[in-house]
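Notes follow the structure.
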Amino acid sequence: MDRDNKLEHRCLLLENREVVPGWHLLELQAPDLVHASPGQFVQLRVGRLTDPLLRRPVSIHYAEPEKGRIRLLFRVAGRGTALVSGFKAGDNVDLLGPLGRGFPCLDEEEPAIFVAGGIGLAPLFFAAAQRSRVSLPFEFFLGGKSGSLLPPEGYFQAHGIKPRLVTDDGSRGGSGPVTALLEEYLETNKAPLRIHACGPGPMLAGVVELARSAGAAVHVSLESRMACGVGACLGCVYPFRSGDQVEYRRVCREGPVFNGEEVLFES
Amino acid sequence: MDRDNKLEHRCLLLENREVVPGWHLLELQAPDLVHASPGQFVQLRVGRLTDPLLRRPVSIHYAEPEKGRIRLLFRVAGRGTALVSGFKAGDNVDLLGPLGRGFPCLDEEEPAIFVAGGIGLAPLFFAAAQRSRVSLPFEFFLGGKSGSLLPPEGYFQAHGIKPRLVTDDGSRGGSGPVTALLEEYLETNKAPLRIHACGPGPMLAGVVELARSAGAAVHVSLESRMACGVGACLGCVYPFRSGDQVEYRRVCREGPVFNGEEVLFES
Amino acid sequence: MKAEPQLALELAGIKMNSPLMAASGCYGYGFEYAGWIDLRDWGAIVLQGTTLEPRQGNPPPRLAETPSGMLNAVGLQNPGIDYFLREVRPRLGELGCPVIANIAGESVEQYRELAAILDGVGEICAVEINISCPNVRCGGISFGRDPAVVERLVSAVRRVYRGPVIVKLSLEAGDLAAVGRAAESAGADVLSLINTLKGMVIDTACRRPFLGNVTGGLSGPAIRPVAVRAVWEMAGAVAIPLIGMGGITTLDDALQFILAGATAVAIGTANFLNPHVARDIKTGLRRYLDREGLHHYSELIGAAGSALHRR
Amino acid sequence: MKAEPQLALELAGIKMNSPLMAASGCYGYGFEYAGWIDLRDWGAIVLQGTTLEPRQGNPPPRLAETPSGMLNAVGLQNPGIDYFLREVRPRLGELGCPVIANIAGESVEQYRELAAILDGVGEICAVEINISCPNVRCGGISFGRDPAVVERLVSAVRRVYRGPVIVKLSLEAGDLAAVGRAAESAGADVLSLINTLKGMVIDTACRRPFLGNVTGGLSGPAIRPVAVRAVWEMAGAVAIPLIGMGGITTLDDALQFILAGATAVAIGTANFLNPHVARDIKTGLRRYLDREGLHHYSELIGAAGSALHRR
């Protein structure tokens, strides 16, 4: 057993910036975490006392190995993330990680398509930036409620990402669901290609459906409430197809990235 | 029923200053609380979530009606006060008050003697400053562990208080217990006089004993853990002599200041 | 014009302007808060426990803070029923909201006697029988464990008290549903649950129990999940209305109990954190009903329960 | 030279280097943490629950956060005893600390069968019988309520398993002491307590129970006062050693259980907050003993109990 790896990291918070209303970007000094792969996550301790009790899972949004820094991008969704939004530069942030398994085959030649719904952007940004760095081809589709609730272009440009946008209210990019962008793309671009998606359940179900029709490989990053984050408590499971049986797999250990075709989405 | 009085107050914190190591002085904008009498206290909410759950009682240390400000002086004693020590200017502090009954007869001519043990200083300072303001005679005896753990002279001077000090280690004033100062004083000064004391239980017991021998009136401010702070939960009681029976009285409602002769100190 | 959503109810005949009640033992006789708080925010106030004889209560310390909760070991300190009738009763009208007495005895006979004394006392609109206090040795909790004893006790009270009888249950019963059904069949009009859970804290510095009484009753948000479950189970076991309580501090908490099957909810510990909790939850509940297009909060009672779960 | 204070113990023959145990269901099979944590910080690890047949467990969501606590409704998801023997058992030696199996059945016969299968399995140094799981319908908790059933069940296991038998109790028993004594007289070597408390959370937005399984088990600091009390009471009721648990996160918490009468303590939920909790408490305990001039932590066992309280 290899115990050279540290699980818990106390990381200096360098910056906490509200990128768009309700979305915070944390920049952390975390040299032990910079070699995480896109799709992996950390378990962030949100309080010092016992309420709120549990850590919160947050994807690694970007890593800069040269500077020993990582970034987390999160949406204020409840009381845990509300507390984190108040963290200040200079604070120490307690993280477990890197955890889980990330997106597969990011270094392959075949085109990659990233489909992000809202804050589902967080892990896909990292994945796309990685392909961009080594000049591998990809598309980035991003959907959101409204233009002002998605980061500005500059946020992506520096990392070689040019997202195609749609918003529910049409205030930026086209209007409609992000799956429409994928659908359109798949009409003219045929497999082999590899889709990576992150976002709300129904969106992921739609992406998987489209991928299946197009014969494309598809991986999705799932969310669920977690306790341990390392596979020990069996609390974070999601239902999967296994033959004609339902099988519960751990999002934190076997995932959070799964072959989309095996996931049993709620219908 | 008079409901003009507000119970809960959200007060702007103007300053949080560490007066001596582990002792914090909070200066608050609290116009509704400036007419509190010395010995009364507030119930301070220490956290926003439910852990720690209970408010903490803190005496009013000083009030400036002209400026609409009050001060609280507290010692970091555990996790509640540790949280308060991190409050920052600009924060809103949630207080219930003013609560309880303060020191009686502070405006009488007969000399008053204040006997403070450590942070027991907090309410007595207010009482003495009030007498000082109207030029009524008083003595102020203060005992502490060590000189550096008690506020400097300047802290008292501005309010016309010249405390006689003793410390356990003799590093400031004489060495020994603060009750020795009282004992000495009572040898040469005879009743009528009125003693007001606040500090640890054994010290208060000693003060009451000396007062009894000297035939002096004595009032003590007691401490106990509180929940409601208003007399509703019966949680904060202290034992009292009532005939030859033990009777439990509420520190928050009948007190925190009591006639010392009725208190049943643990022996 | 759209009608204001309604919060008023009749709970076994008690007319309440909202389903929010002050929990027994946490609100004294009401007067302690009356100078400051508008008591009309309460649908009813349950007074602190009353016994036949005066009780001095347990030695201090009586309180300990625990994670998201607190222990109390008051031990039913109270001046006894005679003092109550003489000194407290005449002033209860000033409170401006319905008042419920909470009684505790050391034997079935004592409960009966207390109830008989309170029968016809106009200032009191119901009695709550506390058979679940963890802080008294020869009363309280032991009565609430055994369905047969509960049946006997409630019947005795029922025979002498003509107003609404509320039976307050704890979780210590091995079989909660059986105890609830026993109370129901003996003629209880309402069940209230839960009382505090028996707990303790050890003072590690002194190496001895922290509370003067060794153990105390755990209340506050810590016990809420257990309390919601108890209400949910009881709603499936009895047909009489329930008063749910245990750790309610916010509107969401109150809704959980109502959705689980409580007709009214009581608030104890949260008063200590937020003395305006009744006002805040009442305002919140009105806004919530309005937003959700509901006319009366009662549409929410038991709404989280599946038909299957109900008997 | 002053001797280092000692933490080692033999618990019913299980040689442990400290009284700290990983609680069942919170530490998987140990491997999940093994890559990161030095498992030798544990006196023993109790494995997740094992049943005869594979169980897929309850539908998600299985977790809910509550004030200073959490609900879980895993429902004993596990690959069954055959898989366990084939795939897990051979690797257990790698963990580097004593390993205890935790078993759950749907009948006395199933418990017996599981125990018989594990008898003589060298990698396992004891079995813990879970008769207190709130998350399974036809097993678990119902076994732990009735002293007569407990006696039968423990006797059955006792007859077929030659190693130490630990019986894990919940608080649902109406009379905890009676259940403990029943286990003791049936031959249990150790009692462990408490298991989680049955609770629930209602999703007020969807107006339905939040957990897939409706109810779940409450663990974490919220339940600690109740757990300490249970250990204290049990210490006065039985003579066999106790493993105390429920909300332990710090040294002070662990000391409370030991002072209340626990010989060892188990830690579940706190691992999720602080995966180094065993190391931290172990270090703290050594320092504490040193400071207090104690030679062995066992001097603290039950030290908060008055003689009167003991039987």
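Letters A, B, C and D name the chains as they come in the text, with residue numbers starting at 1 for each one.
In this text, contacts are C-beta pairs under 8 Å (C-beta built on N, C-alpha and C of every residue); 3 or more make two chains touch, one makes a residue touch a chain.
All values reported here derive from a predicted model rather than from experimental measurement.
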Return the chains shared as contacts by chain B and chain D, ordered by label.
A, C
Those chains that touch chain C and also touch chain A are B, D
Geometric centre distance via CA averages, chain D-chain A, whole Å:
36
So, in whole Å, the Cα centroid of chain A is separated from that of chain B by 55
Roughly how far is chain C from chain D, centre to centre by C-alpha average, rounded to an integer in Å?
34
Mind pulling the chain A residues that touch 2 or more other chains?
49-52
Touching at least 2 other chains, the residues of chain C are 64, 66-69, 220-222
Determine the shape of the graph in which chains are vertices and touching pairs are edges (line, ring, star, complete, other).
complete
Seen from chain A, its contact residues with chain C in the complex are 49-51
In the complex, chain D touches chain B at residues 67-68, 221
Chain C contacts chain B in the complex at 25-28, 32-38, 48, 56-57, 59-70, 72, 74, 77, 94, 220-222, 249, 269, 271-276
Could you please specify the touching residues of chain D with respect to chain C in the complex?
64, 66-69, 71, 145, 172-175, 197-204, 207-209, 214-216, 218, 220-226, 228-229, 232, 247, 252, 255-256, 259-260, 300, 303-304
Residue positions on chain B within touch of chain C in the complex are 1-3, 5-8, 45, 50-55, 96, 224-239, 245-248, 253
